[in-house]
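Handing you a structure now.
A, B, C, D, E and F label the chains in the order they appear, each numbered from 1.
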Amino acid sequence: MRPDQRQADQMRQVKLTPGYLLTAEGSVMIEFGNTRVLCAATLEDSVPQWLRGSGRGWVTGEYSMLPRATVTRTSREVNKGKPSGRTMEIQRLIGRSLRAVVEMEALGERSIIVDCDVIQADGGTRTAAITGGFVAMALAIKQLVKFKALTRSPIKEHVAAVSAGVVNGVAVLDLCYEEDSAADVDMNLVMTGAGQLVEVQATGEKSTFSDEQMLALMGLMKGGIRQLVELQKDVIASA
Amino acid sequence: MRPDQRQADQMRQVKLTPGYLLTAEGSVMIEFGNTRVLCAATLEDSVPQWLRGSGRGWVTGEYSMLPRATVTRTSREVNKGKPSGRTMEIQRLIGRSLRAVVEMEALGERSIIVDCDVIQADGGTRTAAITGGFVAMALAIKQLVKFKALTRSPIKEHVAAVSAGVVNGVAVLDLCYEEDSAADVDMNLVMTGAGQLVEVQATGEKSTFSDEQMLALMGLMKGGIRQLVELQKDVIASA
Amino acid sequence: MRPDQRQADQMRQVKLTPGYLLTAEGSVMIEFGNTRVLCAATLEDSVPQWLRGSGRGWVTGEYSMLPRATVTRTSREVNKGKPSGRTMEIQRLIGRSLRAVVEMEALGERSIIVDCDVIQADGGTRTAAITGGFVAMALAIKQLVKFKALTRSPIKEHVAAVSAGVVNGVAVLDLCYEEDSAADVDMNLVMTGAGQLVEVQATGEKSTFSDEQMLALMGLMKGGIRQLVELQKDVIASA
Amino acid sequence: MRPDQRQADQMRQVKLTPGYLLTAEGSVMIEFGNTRVLCAATLEDSVPQWLRGSGRGWVTGEYSMLPRATVTRTSREVNKGKPSGRTMEIQRLIGRSLRAVVEMEALGERSIIVDCDVIQADGGTRTAAITGGFVAMALAIKQLVKFKALTRSPIKEHVAAVSAGVVNGVAVLDLCYEEDSAADVDMNLVMTGAGQLVEVQATGEKSTFSDEQMLALMGLMKGGIRQLVELQKDVIASA
Amino acid sequence: MRPDQRQADQMRQVKLTPGYLLTAEGSVMIEFGNTRVLCAATLEDSVPQWLRGSGRGWVTGEYSMLPRATVTRTSREVNKGKPSGRTMEIQRLIGRSLRAVVEMEALGERSIIVDCDVIQADGGTRTAAITGGFVAMALAIKQLVKFKALTRSPIKEHVAAVSAGVVNGVAVLDLCYEEDSAADVDMNLVMTGAGQLVEVQATGEKSTFSDEQMLALMGLMKGGIRQLVELQKDVIASA
Amino acid sequence: MRPDQRQADQMRQVKLTPGYLLTAEGSVMIEFGNTRVLCAATLEDSVPQWLRGSGRGWVTGEYSMLPRATVTRTSREVNKGKPSGRTMEIQRLIGRSLRAVVEMEALGERSIIVDCDVIQADGGTRTAAITGGFVAMALAIKQLVKFKALTRSPIKEHVAAVSAGVVNGVAVLDLCYEEDSAADVDMNLVMTGAGQLVEVQATGEKSTFSDEQMLALMGLMKGGIRQLVELQKDVIASA
């Protein structure tokens, strides 16, 4: 039995609160159960140096956790002078995931920065960040199209992400922190609305794993992502 | 006329949401109009090196702004490798303000860290941080006393803070960002529930000011702080 | 009785040695008793990015202490990789204080950097830095006007600063280190030659304070600053 | 046709030169074609703080590229003050991969640090680092067992890694730099000698991908790793 | 008797492997006995800011040690955030030594960066770096002249370096690590092919020394450098 | 003719002001003409980790320049986050020079830190720092012996330093900044009171040099150091 009585293939309750910030063009508070991530999209009229003159845009993600997102306080990374390896890995993953569904020529020489700040952490913060980050980006672009700053949306597809893992020998979907800590195998899947894969990451630090286990986890995660994409569509349409 | 139609001596609507985080012993989301600061208190069983063996505790504040707390995105300080001068100044102010109302011998060799993260910024973030930071600290200590970790509260007094300034020649209370940008003189007052002063800061970069102007601003801010302390009392009592 | 037998409203002996450096356009060694701060002004033909094209100038202060300015050696901040919070707070205060008396349009797109290096510290280093920093700046500008680099001085007013505090229940002016360590309340005032206020800072970390105490300290400090401005005038006129 | 005339399922020539350094207990120069990585293992009699007293050991990897490992010179990360996100991601991957095959209780409270320095880079540096890093670690441990510092080897399994990708629509094994730059999909697999999975990473930044493509790449990589493990066995046995 | 049975005036075996890297225009692996340094030269079409528009070029050196170049592992400097004082001192020495033999006007507004990475350290790494660094630079320039990117070589002279020291009262040439650690006096000489001096450094931390000792060491080092220059000539000619 | 009409073998006027700081056990302001360096010695009751338990002490130097020590302002190194290569090289030289004349066993497990802060720079700052740094250290130790904290002085010898160079083809002693900038060859010598050599550094970046030139410079510097040591003796005796 899972700590919160969920079925193995059941996601936690997912809640999306669009327009959470008055200050950002696109923003959403996303909750996967007790995990809460505030996602905000910024559009800037410049691109990194190596893209100047190319006519192409860029999308990047930033990720951070508030100190008391965790039950034991986590020190601020600014006080160590640099982001941790974990933070940089997650930021790179968010960026790659969002870039996979944006047509850079249609965006033009603009950058989208998607900030994902974890308000409360209970497992799955990076997958919530990707799922919510897409919504924040889509809402910002919707504004731009509405106000004719862009003639059409450069977004090709929806993209969302979820985790799964083998806990006590059972493959389960959308791990909470307690399950994540106990998992033998931990996977993250990033997938488009059309079911194409964007990123697959499987890690077996505590225990190695078989092809069969990996495929079982893949199956669970695909089901979860299909639900997340439906939620994204509703929120973006009604915003 | 003020941008939001307030009277000169009128505060913005103040809202306190205690227990905002499941993860922290004491937390509150505080809002001064559109300014929103998430405050969380952490109790640690250690003190800075220079206090070890003294039997006395310590209280410290940390302050940060999310990148999209502002209408134009602000870069994360971690990417510059260190907190800005402004951040350090505010952190030091929060720490001094809270220490002024805590009896360090009664706290014992423990540290309280009060994290103040600005979710949305519309002026007055440092005063909201002090006002909310006190509530987060008080809620955490209430828990400790309830569970007998402390025999009595080391808190001697309430403490709250508010800003005021001279805008277009008129002294007004609790500046929003638009007023703050236009102010000739800018003041912050930190005061206890009993009306004792803790910190007075007046700055006249755009224009110097007279004693009379300073006293007028002091009068406005005392009135504002008395209202804030009443709100603090209600929230702490009912939590 | 004060440690050095001064009256409550008596400043320490103040000494200004203009032209201390052959290398700087304007420089002064300022002494408040045993506190010695070397102030040097630099004029640069550029402004921060956000002022380019505005026709306006900028004034900024830098502050540092030599390691053996203090009785117990203080580590160099360069070895920690960044200035401390205290240093940044003082630098910002010096900059604001000097900017308050400079007409930025008359300065044109030039920057003045005022370096304040504490050679020996016995309390009041930031107020000595502001008082001496003004003299260094005025001497540099006098040179520029003399050599026709500027048609007229952009300095509108004199500005000086002094500290005061409540020590053993008594309000005293211009605290030495021993008094500063023992003070219940600590104030700094920055004021112009015409008696207009520029910055007021009062801090009651060890003890809160009343309006009456603050006003008493204000009175002492105004008297001190009037004396400092007279000394500034003599030194600048005779240089 | 591949740039170096290989078959789709053919690895580049792999060469292992054990004992490359006189200074290290275990070291190997590993070459995957023109990619050359120098791997060296260090055993230290201490563990990170959070493992002290646990009786368990730790294995960690470090990764760096020499500036002229690349055709266009890459600046040293030390001059930027911190490792890049890419470096940290690879270091974490190396550490996880090696830890997956080490029994931490049998290692005792010791740390193994495996340094992987890229001398020449032509794609696949991280997989060469894992494959060579394992050999360096195994050689160091062989020494320790020989000299009775350890009663038995804590190594449970062999581990090796290889890349694959979809280039011009074809799934190919062990990408060189030219292929890596052109790949639509890029995968890395870390697998044990017994065929258990340790890490699976698939990234489709340039193009999303299907389950079928992922499985085809998995098949190629399993074949490659089986060959690498045979080479590892030969080298370790004969050293 | 020296640890490796050499005569007092005998160098260790010196080996130069030109073209060690496929990725660099000019590279060489240089060995002084067990000391191995990989030197690579890069030509860039830009100069430091202060040389722009001058028509003159610049040559700079960078130096680093792999962690297991030493018998006890040395932490990577990137993890401390900055190069050590020793590294910076050596980098500056390499740069000055190479610049002494390059005609900057003939180079034009180009920079040569010579990377010297110590693969294995057994004393004399900085002198091996200078000697090998010159070869890497000369090979890169030979390419440029061959492909008409430069009409003639800007190299005026050969330059090489060697160490010597007083060990157990005896002046000996080209110290290995064991001798270096025991030396009372330690010298480095950088000299041109024509016998002109470029840098002389003598250090007597463990013991002061006399003029006569210094002259004896100078004599030994001149003999060593003459041999090194012959080797350089052979390698460059045959490359 | 030299810029200040000195003979080739003539030093600038040297002035030593002992006890410049009330705050330090030993301090001196040293002037070589317009070069002014404030030297202060600190004795600490601890040693670096690698000396703990050895019964031996340590001596270290720190060096810095005030921003307006130079005619064109030099940025503070703290704002770049780390000391420059030049600063680190000079600090290391000061430390080695002072350690050469201290008997570490007699010092016991204590550290002496000698801070050398350049107030005004006109060439020769590092040699003035060594010469003055020795006096500051000697004065501090004299105090310790006087107050019986040490039974005898651990200082074995005097040590002083001076520069020389070849300017317009002429070997001259004690270069001022104007000469230093124009010098073809630049040397520094550190020598004991008994005439033993401690450090010899000769650099010919602008031009290589001959043995004869080096010996001529050595002769000039020995004469200068003999004068400096006489001045040191007078000051230390009379303090």
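Here, a residue touches a chain if its C-beta (ideal position, glycine included) is under 8 Å from a C-beta of that chain, and two chains touch if they have at least 3 such contacts.
Bear in mind that the values here come from a model prediction, so they are computed numbers and not experimental data.
Listed by label, the chains touching chain C and chain F alike form an empty list.
Path length between chain C and chain D in the chain contact graph, taken as the least number of steps between touching chains: 3. On a Cα centroid basis, the chain most remote from chain A in this structure is F.
In terms of residue-numbered contacts, C-F and D-E present the same interface, as over half of their contact pairs agree; the other options in D-E, A-D or B-C do not. Chain A and chain F have Cα centroids separated by 59 Å.
Centre to centre, using the average C-alpha position, chain A and chain E are separated by 51 Å. Chain B has its Cα centroid 33 Å from the Cα centroid of chain A.
Multi-chain contact residues, meaning those touching two or more other chains, occur in chain D at positions 81-83. All chains join into a single ring; listed from chain B onward through chain C, they run B, C, F, E, D, A. Interface residues of chain B facing chain A in the complex, by the touch rule stated above, are 21-24, 27, 34, 38, 40, 42, 44, 62, 64, 66-71, 73, 76-79, 81-83, 113, 115, 117, 119-121. Interface residues of chain B facing chain C in the complex, by the touch rule stated above, are 81-86, 88-89, 91-92, 96, 99-100, 157, 192, 196-205, 208-211, 214, 218.
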